[in-house]
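Chain nomenclature is as follows: A, B, C and D, assigned in order of appearance, with residue numbering initiated at 1 for each chain independently.
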Amino acid sequence: MTATVDLNSDMGEGYGRWSLGDDAALLDIVTSANIACGFHAGDPDVMAQTMRLAVEKGVGIGAHPGFPDLQGFGRRRMHLPGESLANAIRYQVGAASAMARAAGGQLRHLKLHGALSNMASEDAALARLCYAAALEVEPDLVIMVLAATAMEVVVREMGCPYAAEIFADRAYEDDATLVDRAKAGAVIHDPAHAAARMVEMVRAGAIIADSGKRIPTRIDTICLHGDTPEAVAIAREVRSALEGAGITVTRF
Amino acid sequence: MTATVDLNSDMGEGYGRWSLGDDAALLDIVTSANIACGFHAGDPDVMAQTMRLAVEKGVGIGAHPGFPDLQGFGRRRMHLPGESLANAIRYQVGAASAMARAAGGQLRHLKLHGALSNMASEDAALARLCYAAALEVEPDLVIMVLAATAMEVVVREMGCPYAAEIFADRAYEDDATLVDRAKAGAVIHDPAHAAARMVEMVRAGAIIADSGKRIPTRIDTICLHGDTPEAVAIAREVRSALEGAGITVTRF
Amino acid sequence: MTATVDLNSDMGEGYGRWSLGDDAALLDIVTSANIACGFHAGDPDVMAQTMRLAVEKGVGIGAHPGFPDLQGFGRRRMHLPGESLANAIRYQVGAASAMARAAGGQLRHLKLHGALSNMASEDAALARLCYAAALEVEPDLVIMVLAATAMEVVVREMGCPYAAEIFADRAYEDDATLVDRAKAGAVIHDPAHAAARMVEMVRAGAIIADSGKRIPTRIDTICLHGDTPEAVAIAREVRSALEGAGITVTRF
Amino acid sequence: MTATVDLNSDMGEGYGRWSLGDDAALLDIVTSANIACGFHAGDPDVMAQTMRLAVEKGVGIGAHPGFPDLQGFGRRRMHLPGESLANAIRYQVGAASAMARAAGGQLRHLKLHGALSNMASEDAALARLCYAAALEVEPDLVIMVLAATAMEVVVREMGCPYAAEIFADRAYEDDATLVDRAKAGAVIHDPAHAAARMVEMVRAGAIIADSGKRIPTRIDTICLHGDTPEAVAIAREVRSALEGAGITVTRF
């Protein structure tokens, strides 16, 4: 049984005049913040402000790089030559690392964003390319991966420190992939339901699919979404339920 | 008399499909490269390629940050709140530092670009803000300043290592400012003339104005422009004349 | 006495994933919508959606061009060569006109945004350059100007149709300029107060300064801000008070 | 036999400080210019300058819209929702139309750029969506299509005026697709060879594949590339050979 678990959320997803999600509220709940790096969201000011707040609250700072596509929020698939993609990762990770130092903190982990993450979860070579590029410029990063996917296979092969992630508000298929958003029940909106599932999965050391099937896996961190109306309520409930069940919520 | 001098040039000023200047030729001549950081020019691929070449040739790598204005090439004055400007500098310096590490090198110096440089040379507070932001994320950077301007006063007060720069192809006024480009003779196009002036100034340890007036100053580096048709010819001639006069061309 | 008045609001100020203000609610209240054109806010999708809604509600569609500065939301002063600025206006107006046609409507007016508007209200030559550029590509546009400023002088000289605008939520100085936001009372947050002032000014055919001074002026339209928490409440109250006072709210 | 043919080239592909190709020289040779619209290349100033020159030389002005991807020059495939893509086309066509009017000309045709063109040549639904969006805002546009591809099928079905295009410097497969650039002989560098092929194809009213196979097709225009070292030489030779063979080079 895993006695401890980390809670993470994507943050710093505003840009200029535009804000998104209630980062201040979430930073009181989560232990890791995945912070956008300016290509799909998160200008330098948003990064600075979010990282300062994370440092104040003792929350771990991660780079959350994405495709260079502000209009698409990094959610549109783009096909970059491998070396271009590696350079885009290096650049964003380097910028995030500098902003973290200026905020009095330190860059600690990496999580891919949006379409880039989706593509990397299906394509081990792409995942490896991204992770290697990030580690080349920040060798001590912990890589956050979707538990029990190609991403996890890659980090094991690379032998680098990693954190395996499950989702609080998404239903799973039998092969540990997420149920398509188009299907009923794919997204969980009820805080109590989300919380109970997380306690069960962390205790079981397994992803529990919709069918009831258990897929044993390392669970190091739980992803809490930040940009839906019910986001903060779900986050609070998950944290509270975990602690009530004797599971320590702490940074990986 | 200064027995040695560094030669620097702005580089990596292409973007995507567009290239600018003959970086490969200039990297055989100069000892310091000021590399655009993606905001006014220089995408991550251009940065990577330019830095790799600089490492191969033993040329010092500098961050050359500018305003976020691709269309204006960082040459249009923008009025950013101080903290926004500081964050933009931190971000670009951090990105450049990571790209330098990935290229097998190390970020060594900082030079402001275009309108930002012009504004900082007139406004000591702005210069200080930019330099402090850069040093906050890369404390060992050498700051390149326009010799005998407000920029030099600032770095002396800050007590940080710096390199004082003069221009090979620009005429000077009596107060050490550059002659306005609109005036005849402001820009020097003749390689032999540019070269002879540089030898004379480096030997004299002084900027020599159009009037003949000598303004004593530290001269650590000479700026060679890279984006004019005669750029490479002037650069070669300046280096050759300096060496012919017994002045060692070497990295600061 | 002016028997009718138009109500306008800046809209379509989202971008990609980010929204701003409650455009749907405001479109039930105002009669003119100033729609961002993609340079400082408003991507093509946001433009399309906002314009379709405006057409449905019978609200007049205006182009609201600004500086090419997404991060700064067009609120940072930029110094563009005159011809570059004219081209930027032509481009944005042309794009907005096409989007309006595709939405089943027609581009009807122009209002400058943010720092560009501030600069044009102080600089008649700049205002003229912008207006002339817009009219060159869409000759039938009505130009919206800040009442009793250099902008109004310019459109009178140009002899083009225009709409003179006052602000519902901003206090005025004796020279018809807005009280600096830094001063107490500069921005009016109380819907009843804002509404009463508007009725008084429209009836008087004059801007009434904080001092009580009356500055006679054409008042064709009242600007209602859309991006503050109290925006919709103020807008409703202003409209309701005007109608209660027998003033017809209708498109110019 | 086709007695007349149009010559077209992609132009206005600079951006800000960066230029690309020798537009002035090509505008003396071609009869149609496909002008970038600001999303992948071509800022408003470049558009204005290129269009003015086209008007002076009597060259037809076309919109050449692409993906919103400056770094990738519109050559990286992006997956936009259909309505987003339609809006991006409407916006670019509208902007181009306004810039053409301001230059004293008129927008006359449409040609898709880069990855968007490649995708549309393989996907009739995508081609139709793009063409319909363009015609919605500029109903009189002539659509330029790759001869004998899905694009041509689409415009025939739509019943809109179109121009079928072949390439001067690319070899063809038996199914009228271009030989992959990776294969030897895919790109023709010899001006005399390119010219002779064009005369032969125009006379034959057919694409002649590498195998010698003839694919009968309408040939309304020949694409001359503008961004290679030999571009202007090939363009001159093609025009000269066509005229020498009694074929009239004239705008469609």
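Details
The criterion applied here is as follows: a residue touches a chain if its C-beta (ideal position, glycine included) is under 8 Å from a C-beta of that chain, and two chains touch if they have at least 3 such contacts.
All values reported here derive from a predicted model rather than from experimental measurement.
When the partners of subunit B are compared with those of subunit D, the chains appearing in both lists are A, C. More contacting C-beta pairs link the chains of A-B than the other of the two pairs A-B and A-D. Separating the centre of subunit A from that of subunit B, both taken as means of CA atoms, is a distance of 40 Å. Centre to centre, using the average C-alpha position, subunit A and subunit D are separated by 44 Å. Of all residues in subunit B, those that touch two or more other chains are 43, 45, 71-72. In the complex of the two chains, the subunit A residues touching subunit B come out as 38, 43-45, 47-48, 83-84, 87-88, 90-99, 101-102, 133, 136-138.
Taken in their complex, subunit D has these residues touching subunit B: 13-20, 41, 43, 45, 70-73, 75. Per the touch definition, subunit A reaches subunit D in the complex via residues 68-69, 71-72, 76-80.
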